[in-house]
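Below are the structure tokens for one structure; questions will follow.
Chain IDs A, B, C and D follow the sequence of writing; residue 1 opens each chain.
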Amino acid sequence: MPVGFGLLGAGRIGKVHARAISSNPSARLVAVADAVADAAAAIADQQGCSARTIDQIEADPAIDAVVICTPTDTHADLIERFAHAGKAIFCEKPIDLSIARVRECLKVVETHKATLMVGFNRRFDPHFLGVKQAIDAGAIGTVEMVNITSRDPAPPPADYIRRSGGIFRDMTIHDFDMARFLLGEEPVAVSAHAAALVDPQIGKLGDHDSVNVLLETPGGRQALISNSRRATYGYDQRIEVLGSKGMVAAENQRALSIEVANSDGYTRPPLLDFFMTRYTQAYAEEIAAFIAALAEKKPASPSGDDGLRALALAEAAVRSVAEGRKVQVAEILA
Amino acid sequence: MPVGFGLLGAGRIGKVHARAISSNPSARLVAVADAVADAAAAIADQQGCSARTIDQIEADPAIDAVVICTPTDTHADLIERFAHAGKAIFCEKPIDLSIARVRECLKVVETHKATLMVGFNRRFDPHFLGVKQAIDAGAIGTVEMVNITSRDPAPPPADYIRRSGGIFRDMTIHDFDMARFLLGEEPVAVSAHAAALVDPQIGKLGDHDSVNVLLETPGGRQALISNSRRATYGYDQRIEVLGSKGMVAAENQRALSIEVANSDGYTRPPLLDFFMTRYTQAYAEEIAAFIAALAEKKPASPSGDDGLRALALAEAAVRSVAEGRKVQVAEILA
Amino acid sequence: MPVGFGLLGAGRIGKVHARAISSNPSARLVAVADAVADAAAAIADQQGCSARTIDQIEADPAIDAVVICTPTDTHADLIERFAHAGKAIFCEKPIDLSIARVRECLKVVETHKATLMVGFNRRFDPHFLGVKQAIDAGAIGTVEMVNITSRDPAPPPADYIRRSGGIFRDMTIHDFDMARFLLGEEPVAVSAHAAALVDPQIGKLGDHDSVNVLLETPGGRQALISNSRRATYGYDQRIEVLGSKGMVAAENQRALSIEVANSDGYTRPPLLDFFMTRYTQAYAEEIAAFIAALAEKKPASPSGDDGLRALALAEAAVRSVAEGRKVQVAEILA
Amino acid sequence: MPVGFGLLGAGRIGKVHARAISSNPSARLVAVADAVADAAAAIADQQGCSARTIDQIEADPAIDAVVICTPTDTHADLIERFAHAGKAIFCEKPIDLSIARVRECLKVVETHKATLMVGFNRRFDPHFLGVKQAIDAGAIGTVEMVNITSRDPAPPPADYIRRSGGIFRDMTIHDFDMARFLLGEEPVAVSAHAAALVDPQIGKLGDHDSVNVLLETPGGRQALISNSRRATYGYDQRIEVLGSKGMVAAENQRALSIEVANSDGYTRPPLLDFFMTRYTQAYAEEIAAFIAALAEKKPASPSGDDGLRALALAEAAVRSVAEGRKVQVAEILA
């Protein structure tokens, strides 16, 4: 019998998940809830499910799992509530912007032995997953260095920046998770440099838009993350991993694989410039993995602990910039 | 009101079209017919439409258009029948393997002023379409040469070869259409070389598996098509067009954009190796274009005449190989 | 003891060969001759050899070998003269524009058992040679198809066209030789299409600037050559060879391996745009191979017969265009 | 009149410079000195100059300039001596491994108003120079981030490591100079992570083989350098620079531009794997720039101060690793 789903949040990413659930033969989208009734109704209409309140979703025994796509500041509360209600939970990253709150929340999840998967969608991108699989297959020997370049096409509006928790918790957090995913050892120390070069307004808000972060593991493995809030040529998402026997790299994605050559040279089109087109397949695979974990009664990954650890790296980066030193992750998670 | 559709043929490509029609808000899949009842039922079930006979589809006033995915030798008859019935028709290529039969059929279409679109899906591949749009935008000036490399991953079974009409009518026909699409002038002469290098069995059946074809237009523009029934590295589909001001080219497609580097060198994965994964988007765009043409009451393209002309080029190539000379298309279409 | 060299012709390509000979420890440039005394003097000065007449070079027992870089219409006479004089001969392509004259000349060479190497420099380009070596190493199995794209940056002046013998004998001849080098079987039939699209003046002179040629061997192997006298993006020189087990290709060469990405896309610089910079290394390796053959008393390759066969293919292409049919090489060499 | 040159040191790199000087029409190689008489004699023989002692070179008024390619620990003494003697000086990097000694030496150079150029050859690599020129031409707007990946094919022997001054002073120093060259602002702070992952012996010697370094300028511009002493796929030398309007990148160099495709995928050969083949052209251009500066009586660049500043960044990186913090360059140069 298909897994019954409730969707919390009918925004942009909610729609993506709704489609993914509906088209998966092992799942059934039962209901959707949103503070904006029209948004919920639109999805309900399109996917043939009902629009309900969160209370109703919580109470419905036909709903085995929820997908949380509501605003960040509601995540922890909803996770606790649905853990308590005995539902499996998929929650968009982050669980919360506060380490303390995340730990509290994960304790509740643990108490109820609830299934919790956190939405680090990039782990499911076929190209990045291909990198991971090449590593696991021994193609490059022992991992030594992970280099991640991750640049947004353009900075978000000031209002978004204000609520974001800062670039490390909002943007770099994806790269922290990816670094953990690929390093094969847990990073224990962080050094970061940061500046506001793209938009002075971002600096005035106390945030950065151009940052570089170094991570290291107990065995000396290193990761290096380079972020900018602006790349005129598109959404620049590259990973390379150096190992004892070689290197594996994932290239950028374009909508068009064409090239024009003339007296000015050879020109290929810019990259895909929107995270939802760049990661279309990743979002679909992510929900499919959650459904498969539930259907096969296996643990779901990335876990709440993965969410916590990525956030701790972000916190360490914040402190590294503030104090001009290498920060131990143990200082954060102590 | 959405365009009502009947699907004739519930095989591999029928399923693809069924999905495309169902997910298009301007269309509605009303019914599907297939000689194999189970095949029709499966699609009917999945897409929520009914399984019917061809007669029933023909008689249903709620069905405005049909998509013909039945075996090749039924195409012309079905086109005539549904032209007569006043339905719009999308037919998989080819209309028929005989030039005479195609002409007859197109006369019936014309008499009934029926809308007929022929399934040259590659025109809708975003990369090839990107090439065409670059040309139309003036990026390379006046077109002078079109070079098409088109290689299948592996030869089809003997039984397929027997019914195929030969490589020029079965495989090269896509490239003939693409050459016409891109040349900007109608090709009038054809020279071809051919051999069976991949599979001697193909040669014994009187067919070839390795062919090269030259086309020329009245203005001296030239196209060059290179086909093989085998490419160990995947489904090799490349196009480049040289013009007075430059060149535009479409590259191959891979499932994974990763690269592994070690002491043996830098290795990227093989290409996509199946026409249905390679042209997934093309198939979807193709049906969308047909639906849009019907919804907007505009002519559908590629037309029946496009189907005829591509077949005439194939016929000319057959004759060129047989007689060791450049063949005028006018000899075929006279 | 180093091989003593006389250089006949002190033009552009003569200078290149002079440098190559001077810097080769197994060779010594003894003398240079040119109708233009200043040209000879300049090389003599720069390379520390003497400027002499052709007679003097012929008579000098210290000169073991000559390199002929004089105008085409003097090649056959000079080859015969120096074969008679017992010198080894390197001659720039072509031996002559007339098949009959080439055959006559080769008979003289044979009679005197003279060493004759013809300047098909591209065989020595490291990238094209790499293609050949990959084939010989079995990397692609049995060769089935050779695709050569060869485009000049811009058409030569009318005066050059007039003396060139036409595009097939002047430009395509390099590709005919390369096709023979890579096919692994001797081509026996030729089909060609040709037009003057780049420069109408070239058409008025009875020549073409845009041609495509198909070759085939007795075993059904095929080569396809695509030439244009214009490529705005540089000197386009590509080769790919398809075999039963895979494909090997040589890419174009750029002076700068950089790429600029911005909102217009990713742009690499145009190609090298001059044959002497594109083939710098090929010219050096070519003379080194000639010197090595002499020093080690081994046959020099490509031979006079290679020169004849490439010319015969050119002749066949001319006839194919004129008569609109596939021409057998045996018709030319009968 | 050509600039007269004395060459100090007839080792591997001395030979390269000897050839570059000899083939430059504005220079003349007068003499060469080396502790190993045979080494000096070999160059003298080959280039047609005389083998002499350093004293003789110092005393010869026909010698205007010296090129110092002797062991590192002799550099500062020789620079001072020839500054005193009124000769122009080109010195291989580094001037010395000690900041104090370099400053002392530069004071002597200044006192004598001597011309001193330091051998940061990579600034003259055509591809890296192309990056710089693209930046200067405004192609990417204001520079924001410089990412340098620089990996050796294999670690040097322990004996080399012992005398090297450590990876930051020996290997990364090239990247520090390149970062300064491209940033357009002077870096003022350094954070570094380091480990011995490739060869435990290197760790035992107190050195590292895998390091990452972050640099920042007063304006917030950032550079990121990633080094490893091992890359099985060749000598990995890449640079990319992100600016407000775009990005420019220099790709790696291969000896062969070929690609083999088969059922395992598409494979290109490994990179050039030796610094002298990778930077052949850079070495030639570097000496040409020095000669041109002397001939045109212009300042030579990179200067002694450039040598000092790169060394100071290395020193700061050493301290950053030791103390686990961001180090201000002013601490080093105070």
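As a working rule, contacts are C-beta pairs under 8 Å (C-beta built on N, C-alpha and C of every residue); 3 or more make two chains touch, one makes a residue touch a chain.
Being a predicted model, the structure only gives us computed values, none of them experimental.
C-beta contact counts were set side by side for B-C and B-D; B-C has more.
Ranking every chain by how far its Cα centroid lies from the centroid of subunit B, the top place goes to D. A straight line joining the Cα centres of subunit B and subunit C is 41 Å long.
Rounded to whole angstrom, the centroid-to-centroid distance between subunit B and subunit D, based on C-alpha atoms, equals 58 Å. Touching of two or more other chains is recorded for residues 232-233, 245-247, 261-263, 269 of subunit A. Note for the complex: subunit C touches subunit B at residues 142, 144-145, 147, 149, 151, 189, 191-193, 195-198, 210-212, 214, 216, 219-222, 224, 226, 228, 230-233, 236, 242, 244-247, 324-326. The touching residues of subunit A, when paired with subunit C in their complex, are 232-233, 261-270. Across the interface of their complex, subunit C is touched by residues 126-127, 130-131, 134, 139-140, 245-253, 255-263, 269 of subunit D.
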